[in-house]
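Questions regarding the structure given below will be posed in turn.
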Amino acid sequence: MSVDTVIEVKNLSFRYAGERKQALKDLSFTVGRGEFLCIIGPNGAGKSSLCNALVGLIPSYFSGAKKGGVSVLGQDTEGTSVANLASKIGLVFQNPFNQISYTTSTVEEELAYGLCNIGAPRDEMRRRVKEIAETIRVGGLLRKNPLELSGGQIQRVAIGSTLIMRPSILVLDECTTQLDPLGSEEVFDIVKRLNKDGITVVMVDHDMERVARCADRVLVMNDGQLLAIDTPRAIFNGIFQSHGVDMPEYARFGAAMSGAGMYGGPALLTEREAINAGKAAIAV
Amino acid sequence: MSKQNKIKTKKTSSYIPLDSPIDRMHPMVKIYGVLCLGIGCAAFPFLWLSYAVVAFLFCVAWRAKLLGRFSKFIIAFAVPITCMLLIIQGLYSPKNVTVLADFGFARLGLEGVVYAFKTVGTLLVFLGGFYLMTTTTYPGKLVTAMQDAGLNSKAGYLVLASLNVVPQIQRRIAVIQEAQTARGVEVEGTMSTRFKAFLPIIGPTVMSSLVDVQERGMTLETRGFGVKDVRPTSFVALYLTPGEKAAKKVLVAFLIVCVLFAVFWALRPVLGLGV
Amino acid sequence: MRIEIRDLRHTYPTGEEALKGVSFTIEGVTPVAVVGQNGSGKTTLVKHFNRILSPTSGAVLIDGVETTKQSTAKWSKRVGYVFQNPDDQLFLNSVRKEFEFGPERVGVPAADIQKRLPEIAELCGLGDKLDSHTFDLTATQKKFCAIGSVMMMDPDVIIFDEPTCGQDVEGSRRLSEIIGHLEKRGKLCVTISHDMKFVAANFPRVVALCHGRVLIDGDSREVFAKPELLKKSFVSPPPISRVSLGMGFEKPAFSVDELVETMKARRRKMA
Amino acid sequence: MGKNKKSFIQGIKDQFSVKAIVLIPIAVGINLVGGMLASNLKLPIFLDMIGTIVSAALAGPWVAALVGLLTNIFLALVSNPVYLPYSVVSVGVALVVGFMMRAGLFKKIWGVVIIWLASTVVSAALAGSVTYFVFGGATGATGSSLLTVTLIAATQEILGSIFASSMIENLIDRAIAFAIAYVILKYIPKRLRSQYSLDGTDDFAEDPDGSPA
């Protein structure tokens, strides 16, 4: 893990206007540069609210009572406009159809939309669109209408139009939930590669096998609270099962083998690890 | 909204992509065209000018490869309204003095007939021009041109998003209709059965659309929509050719001449130039 | 219960051929899962079961009756369909009203509706939420509200489209419970799913579609024992099955416990 | 609205938050698909102002007025430019509905009846004016044109006939539109509505358990 902190959340609490329940309860944690952090927890745990707070939509877009604060790259999100923050931290959410601007007729225009709004010169736009199109692998789709793309393709365009603002942190709120396995894989591949290239990733995900495989650290939430934040091996050792948090099948397998006295190592996180541990157990 | 009809097709814009000089023309010239020709004809006191401009519009339609559609549109509009106005104004206008024909139950008056043809002529110029502009201009290009000319970017968003959001809501309503019939909502049968189907289908459409509003607003916020003190730029570049610049000047000149003539004509008695 | 699909073909008005001759029969009440990548024709197929779609050629027969014989609304008494997105179904201002809506439409007597209501609410985990606004529910609860509102119509067949999409552990567990309950009550459950963990745990029969044709149809253990064939439809066996196959076992395991038991047996044999 | 008095223009500007701006195209879409659904179900009415009413209730009269304007622009684009001048009618009706809702009339059934009657009269007056002053008496594009001509022939009175035919056309349609919008608005939960209110913070100051645990 990096020593360099890019996000610092300090005693963050939030309650939406008109609601009684606290959506976020006294959260504190930091995210390091280049880290891959996964947020897990049952539906209604406050994962989306946390994402909205990270990018500054809470409190500027959602009215409510906020305590504590979030700072991104040293800047307090409160008092900074969301548009300004977009060049530091980008958000991609679940429904791809809600992430296109509905004002453009081609993918390239869609990618450039954010730049148009901040008044970027045209040459700069063209250069960045070309660069981003390569990153998100939509080179062949640039002239297509975004509304005619498949879910996975639109989701990649959504990531692209976020990346075009050159954020160094990407927040993904269940961005593959509504996609089929193939589309989901396409999107996830890109996220993984971006992380390798140095972008910090904060991702909400329900696919525990994937979380176990990819996360540097896992943040567990329930009922608006932060239960734990640690490495996947530490999180998936069975402690949090009672909090509505699923375990990856491999970790569950490891735990069951330990119970039967066939395995004594750390939590299993990948298919490879599980197969090897299993083979070792029956080779005895 | 009393005149609103149902939309039969799934078309969401009247733009017909055809490669023609009119299609390639800068949208601003077309906007100038509709406004200058329309207002000029409306102001001009004689009715021949409108019909001359309509003839010119037919030439434009031919260049735009839209002669067939344009003729159809003009006839479909002109014939019924001319008939109706001849009855309403020709027979019943209080201004009627000169009687052209006497049908017994009513008299056809010259003033009313002239008024009817003047109205139809002006409307044909306006609506015909508008029709040609929208069928030959891609909506995105039109809005870009208007934004270049100083239109607020929020207004541009509203026009384009309205055009683009409709097909998506249409798809959604189709799914909702399926979902509700699967819950026992009958969409065929007696009038009261069909009436009862309206709410279960429009209800989820409205509700889910309102939920979408939230996320779409977030998207726009994060993408710098409506940032203060910044002049938005556009991805697609539009330039006026020298010919188009000249065309704009000619159109404005046409408008000025028409208006000046109209003022002159109206002031004739005052100026002592009576006929 | 018998659903017979006879050389079913469906071509959309756009010219897209979604089903290119599908034939199979579902008999009894054993839950069936339909799997395959997007565009394989899963949804098009099941939408024929209650005549949301009509065959371009071929036929679907429910207990010997062609589906085209009556409207979807009429079929809703016998064939229930839960759509993927609950927002497409829900619009009333309480869970109770949503539950009563369907059966009222098809003329179920009020007394019967009230009798069914508490049991189904309990099954769906909405027992204490009956008077909540559907908007105040979490994504999981909304989904179960939609499921419950279809179960309230007491159909003989229930079709689920991607029921685990966006669900958490709790939701998936409750769903398994409902599927078990339906089978016990003699109802057939047909599910479209991408979630192979869920399919393996709940569906003894799996039909995999690929490009509008049946790729494999059979016992789930046999189907998941052929990862190479399944790849054609971008389906991969659930993680634990992959582990057991990777360890060299012939039959794919469907649960962790099962695999551990098999391993114990192997160790005993070797010892 | 609000304790401190704002200027009229500022008041209008405040109604156009990003949320309201995103709502507008969607409300336009609802207007249009409402009309389409009515025709698909073969109902003899238009029902194409549900989006306008909902947006008036959520985001105020000026947002609703824009919804009305854009709905007509859209119709002019896709179906017939004749709709363009009638934008005046949509805007006028939206303002009447919006301001009467602001005054709290939509909460009671009798209030809804008043809004219905007022909006019908306003729309008939405006539509009649457009028909008379722009089109000289009839557009020839709608069924009411024939009605107008018949009335003129019977009464010899041009303006009155145009107004009367417009009233007849609108009265029933608006009644059903308002009834449906009334039900839908009842179903929209407060949580969603409070996202639009200009004084959303006031809303929750009343809440008892204010501080985080």
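Going by the order they are written in, the chains are A, B, C and D; count residues from 1 in each one.
We take it that contacts are C-beta pairs under 8 Å (C-beta built on N, C-alpha and C of every residue); 3 or more make two chains touch, one makes a residue touch a chain.
Predicted model, so just to flag it, every value in this text is computed and none were measured.
Trainee: What chain is the most remote from chain B, judged by the mean position of CA atoms in each chain?
Mentor: Max centre-to-centre separation from chain B belongs to C.
Trainee: Which two chains meet at the most C-beta pairs?
Mentor: Highest contact count among chain pairs: B-D.
Trainee: How many angstrom lie between the centres of chain B and chain C, each centre taken as the mean Cα position?
Mentor: Chain centroid spacing, chain B to chain C, equals 49 Å.
Trainee: Take the average of all CA coordinates in chain A, do the same for chain C, and state the distance between these two points in whole angstrom.
Mentor: The answer is 29 Å.
Trainee: Taking the mean of the CA coordinates per chain, how far is chain C from chain D in Å?
Mentor: Each chain reduced to its C-alpha mean, chain C and chain D end up 43 Å apart.
Trainee: Averaging over Cα atoms per chain, report the distance between chain B and chain D in Å.
Mentor: Each chain's C-alpha centroid was found; their separation is 21 Å.
Trainee: Could you check chain A for residues that touch two or more other chains and list them?
Mentor: Touching at least two other chains: 61, 102.
Trainee: Where in chain D do residues touch at least two different other chains?
Mentor: Each of 18-19, 25, 187, 191-192, 195 in chain D touches at least two other chains.
Trainee: Would you mind listing the residues of chain B that make contact with two or more other chains?
Mentor: Touching at least two other chains: 157, 161, 164-165, 168, 187, 199, 203, 206-207, 211-212, 216-217, 220-221, 225-226.
Trainee: Can you list the residues on chain C that touch chain A in the complex?
Mentor: 37-38, 138-140, 165-171, 194, 197, 234-236, 238-240, 242-244, 246-248, 256-257, 259-260, 263-264, 266-267, 270
Trainee: Which positions of chain A touch chain B when the two form their complex?
Mentor: Going through chain A, the ones touching chain B are 52, 55, 57, 60-61, 81-83, 85-86, 90-91, 93, 95, 97-105, 108-109, 112-122, 125-126, 129, 147, 161-162, 165.
Trainee: Along chain A, where are the residues that touch chain C in the complex?
Mentor: Interface residues on chain A, with respect to chain C: 41-44, 94, 150-151, 174, 177-178, 180-183, 206, 209, 244-246, 248-250, 252-253, 256-257, 259-260, 262, 271, 274-275, 278-279, 281-282, 284.
Trainee: Please name which positions on chain B make contact with chain C in the complex.
Mentor: Chain B reaches chain C through residues 172, 175-176, 178-188, 199-200, 203-204, 206-208, 211.
Trainee: What does chain B use to touch chain D in their complex?
Mentor: 1-9, 11-14, 77, 79-85, 87-89, 92-93, 106, 115-116, 119-120, 123, 126-127, 130-131, 134, 139, 154, 157-159, 161-166, 168-170, 173, 187, 191, 194-195, 197-199, 201-203, 205-207, 209-214, 216-217, 220-221, 225-226
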